[in-house]
Amino acid sequence: MSPLQLCLAFSSVLFAVGLAGALARSNAILVLLGIELMLNAANLNFIAFWRYGPATSPSTGVIFVLFSIAVAAAEAAVGLALIIAIYRHQRSIRLPEAARLKG
Amino acid sequence: MEPLVAHLWLIPALPLLAAAIGALTPRRGRRLAAGAAIAAMLGSLILSCLALHLALAAPSAHLYCNFFWFDLGNGPVRLGWLLDPLNGFMCVMVSLIGLLIFIFSIGYMEGDENFARFFCFMSLFAAAMLGVVVANSLLLLFICWELVGLASYLLIGFWFQRPAAAAAAKKAFITTRIGDIGFLLGLVWLYDATGSLLLYDGGRGVLEAGVLGNLATLTLTGGLAASTAIGLLIFCGAAGKSGQFPLHVWLPDAMEGPTPVSALIHAATMVAAGVFLIARVYPLVSADQALAAAPIHALSVVAAIGSVTALLGAAIAVAQFDLKRVLAFSTVSQLGYMMLALGVGSWAAAIFHLLTHAFFKALLFLAAGSVIHAAHHEQDMRRLGGLRGPMRVTFATFAVGMMALSGVPFLFSGFWSKEAILHAASRWAPSQLPLYVGLAGVVLTAFYMTRLLCELFMGAPRSPEAAHAHESPAVITVPLIVLSVGAVALGFLGTPAWPWLQSRLTGEAIPARSLLEGGGLMALSIVLVATGLGAGWALYGRRPRASAASADPLEAAAPGLFAFLGARMKFDELYAATLGRLNAFAAALADFLDRWVWGGAVALLAGLGEFTGSVNREVDEAGLNTGFNALSERIRGAGRAYSRAQTGEPQGYLRTLAIAFVVLALLILMGAGR
Amino acid sequence: MSQAATTNASFLERAPVLLRDWLTGSLPGPARWLANALIAIVAILAVFGLLFAFLTLAERKILGRVQNRPGPNRTGWFGLLQPFADGIKMLTKEDIVPRSADPFLHFLAPVALLGFSILTFAVIPYGRYLAPVELNAAVLYFFAAGSGAELAVFMAGWASHNKYSLLAAMRALAQLISYELPLLLSFVPVALATGTLSTTGIVAAQAGWRWNLIPHWFVFTPWGAAAFAIFMVSALAESNRSPFDLPEAESELIAGHLTEYSGFKYALFFMAEYFGICALSGMAVTLFLGGWQAPLPALSFIPSYVWFAAKLLALLLGFIWIRATLPRLRIDQLTRLAWKFLVPLALVNLGTAAFWSLTLGWAGPLQLVRWALALGLVAVPALLLGRGLSAGIGPRTYRYA
Amino acid sequence: MNSVLALIALATIGTAVTALAGRNLLHSVLLFAVSWAGIAAFFLWSGAEFAAFAQALVYIGAISMAVLFAILLTRHSRDDFAPEPALAGRAFAAVLTGTAVAGVLIWAVASSPLAAAPSPVPAVTVRSLGWQLMGPPAAALLATGVLLTVALIGAVVIAAGERPSKPGDPP
């Protein structure tokens, strides 16, 4: 396997781990973290392609990563705020119990 | 190119801006919201007049300005603005009537706490309609079309505290949506067939000869031309919006909205949209006229639907007591007339009638609004009456509108436009049926309008509200007067003696005919109008209703028929029994499948249980409810059934997403492997 | 004489490097690189370890003087051996771990804290030739490494199962997060002016003197002065020093997250705190005080690291002085100071710096205009915001006393 | 070269797995910090220095802090971290899905011909990065700024809890 493929494999496994976590845990915070992990895996891909992929402008990948980090930060902030709001409504942050919008 | 054409987008953009302003103003910002809305409408009225002037300079030309929107994989998606006499007239009409209605509603809505929101929605409505009018791309047109639907939903349900209003809004939205699905399918098909949705695009537009030729020649099974199928699909949308026969049920219920809204919907914007759409794509719809082999022509269907609607609406209108409902059904039947005219191949006549009808129907609605406003929101004509004395202006203007609608000869615009339609119908080769239907409609129209007028204004007040009624303020009456002038004068633009409007619309010179040729038909219709008026006067005018309780003369004569008509021919019940149940069944089915896909066997059993339960619930309740409650109840049930698929558990969604991804990726990889 | 001075200076200047090369010169390439790195690490640890030891002593002495008491004066001459006595005491003390505590975290917290604060030393240029690690984004690295400390403090508060510790941890989090922002923002103008994030580059950008008198340090520009002030205040808060030492407020929270710590772990916390102070001061020196640059051309014969040490010590004494003088803030005052005063001020300051670097070309009378404008840009918002901040906080009136 | 990568990957994935499988929420978060650090290390390894430090600063410095705050604010008692009840099946399904996704992805990666030759590290200094950011993606930069601001305000508003609404005003 070429280094690029190794990196991609790494990121895929990381992504899968995040996904599995997000699916398995019912604690909203852990689910959020799992999703963050998936985002990180995507970042890994950006860097990997920037490093090994066909040459584009010298800093595209890094710029991508910076943007996605910023977005991730925003996402985390809002997500945690939502979790706190949910907690305030029903004294728990278990996702299955947060299914009260259904009707 | 003319700078005006390039900036045609300003016409809808101004009201849209006003809507944005209205949306951002707080509750107390009434002045600002209303001011913005009216200023915007004034602006687009001026622009529209300029545009019309420009268009009339070269009637047969289609000035358009297309621009690049975004790049779709296999080519750019382009939108554009179009200007020709047709939408020039429409623009002027919409913005003028919209302006008047806005002014009117300052007076009408003054008491409402959501004044600002109201004007925001109204502006949105007007903006969407103007967008429909100026669009040069069916895609853009469809977008604005949906916006019209949304705005109508918001406005009909403006008093959403009332369950009736909320239900009516939902009903209107969903019913029109049914039609729009057809429309959308038509667009997709059209795009698939031609690769473009632009109307005029230098020879490549879908309304231009080359493309149409291909469409008409490309035939499907049974010799059905593609253009026929597409035209019919598009007509579905038109039928939905302008309340044609199968989908007319939402229109009367739309009366739950504030009266200015009803006026806007029924006169200027929404229902006009359908007729306008067909007139707009007339070349496409009529493309199949050439091939005689075709088993069915799109226009014949349009004509048939139109005539049915015309007769049906008129008949039902006879037996209504809510004055706004009477007007609503008269709108239905008038729209039937327009469709009929389109069907028999004279779209100029249809547009002519559309314009005149816009004026006198807006006038009627606003007058009705003024009555309702004066009578403290009493709408039942049995409990009104005797308003002639206190409300002179309203009475006069209402009378003008009524005479225009029922086609009182020579002086009133309705007469001329209706004449145009009837003549067109009489000249239609395939069948004379539409003509007879139209003539029958004439009688009924005259009859129920007379009835309405007498019930409202003659006799003595039959309730304290009516007794205390007084003339409305100037902000309400002035638009009435302006409109009544229009309702009278507009007719003279299209008399057979001087067919200015038609010739401008179609772009070719139409020889002026003397009134006498084809005079027989005219005479006949005059006689019919006279009969209608006479009958109405005989039944309701001579001996005005004594009290609110006393029975209606017709009711006394034929109670069964009257009740049947009064229940609007039981259409809602019919739909509730058929479509509603079908819908609920499909919903339950979808629900069942959904659970089966990833819910496992337990969910399957549960789904079965719910499915059977829901079905037998449908069976129990069907027919129990009456009126649109049944339909909207069904639809709500359907929604509930659908929504069970939505567990509200995000991880479930995520899981399905992941699984779907895996499957997809596998498919692709397999494909790559081969 | 000046000739002799320069040569002399250059030798002294290069002395540490020469020493290192003499030590590791014989080794092959990679091993040599490793050895150099090790030497750098060891040197830093040794120097700052000693500095820490005597800093504690100095702090206690000075506090003593300020409070009219001698301070430690028994062990050794002027109590000079006090730190070592303390060290032995700490080492020999029993290490208590509460039963319900989270033992692993309880152990990890001080270690991690110390580790992070040592990491930050890597990028500070101590002298003309004494920059341990040359990074392109050194300052970013500095802040990134520093941000780990918050985690450690929280760990400590959490691991020792104690409500005071937990409260302290919450406070610490709030405080550190709030002050991370002005700290970073106050650095941004420097990056704007120098166009680089590498510390050596920043120091190099501050070389030279105006009229051979006033050095080109950023602290001598309006925006630089403001940024320096903001940086120092935030640094105080970041290192939990008085007047921002709420997380370990003895009077309210016993000793905050240190409550359940004793013996060597406690010592580690202490060390980490002082290392943090040293690192932040070093960064302040690098960013605003011209790093190792000499204040006057005439004094440049003194080796650069001496200058750096002098500036560093000056700042440290400032820290101690402040601790001796100022009372502690309340938590709400603390956060308000951060969000309502420092952050907006830092943002305005960014604008000022931009103005400054845009008007580099102005000369002659325009220079005066430039200075006036910049000063106004710095002073006016400070005054306005300050008024808004101190609104309602008047001299206290004791009614029933 | 690749051994370093393997080391980093192992550390990152291992910590992530333990974090997501762990029972103690707080430990999970701290482990997550470690695995984020691992990702930063990967960035460093592949020469994206700036991205690495940004990653460390944002994730370890900010996000983990926020998460810890959220944990402290949303727990009944200190021992609220009991494992979720009756989730064995779900966990199994989740792991199954995860492995499926991983398998598909890795298969795709392995089966697609990707540039095998290790190219030299693209040189990117902070200065060039800055210039690039100010170039084409400037608009995106502004948008991101706006996004962050909005997110900040929104988070504050959401987490601050709603004031009791008057019965008078409509729903």
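Labels A, B, C and D are assigned to the chains in the order they are written; within every chain, residues are numbered from 1.
By our rule, a residue touches a chain if its C-beta (ideal position, glycine included) is under 8 Å from a C-beta of that chain, and two chains touch if they have at least 3 such contacts.
Everything numeric in this text was worked out from a predicted model, so none of it was measured.
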Margin query: According to the touch definition, list the chains common to the neighbour sets of subunit C and subunit D.
Written below: none
Margin query: If you average the CA coordinates per chain, which chain's centre is most distant from that of subunit C?
Written below: B
Note to self: Using Cα averages as centroids, what's the distance between subunit B and subunit C in whole Å?
What the structure shows: 73
Margin query: Just the number, please: Cα centre separation of subunit A and subunit D in whole Å.
Written below: 5
Note to self: Taking the mean of the C-alpha atoms as each chain's centre, how many Å separate subunit A from subunit C?
What the structure shows: 34
Check: Counting in whole Å, what is the centre-to-centre distance of subunit B and subunit D, each centre being its mean C-alpha position?
Finding: 52
Item checked: Residue list for subunit B, restricted to those that touch at least two other chains -> 655, 658
Item checked: Junction residues of subunit D - those touching two or more other chains -> 50, 54, 62, 69, 93-94, 97, 101, 105
Checklist line | Which pairs of chains touch, using the document's own definition | finding: A-B, A-D, B-D, C-D
Margin query: If we count contacts the way the header does, which residues on subunit B are in touch with subunit A in the complex?
Written below: 640, 643, 646-651, 654-655, 658
Margin query: Applying the document's contact rule, which stretches of subunit A touch subunit B when the two form their complex?
Written below: 19, 22-23, 26, 31, 95-96, 98-103
Check: In the complex of these two chains, what residues of subunit D are touching subunit C?
Finding: 26-27, 30, 33, 40, 49-50, 53-54, 56-57, 60-62, 64-65, 68-69, 72, 78, 125-127, 130
Next item on the list: Would you mind writing out the residues of subunit B in touch with subunit D in their complex?
Entry: 114, 161, 655, 658-659, 661-662, 665-666, 669, 672-673
Item checked: subunit D - residues contacting subunit B, complex -> 93-94, 97, 100-101, 104-105, 107-108, 111, 170
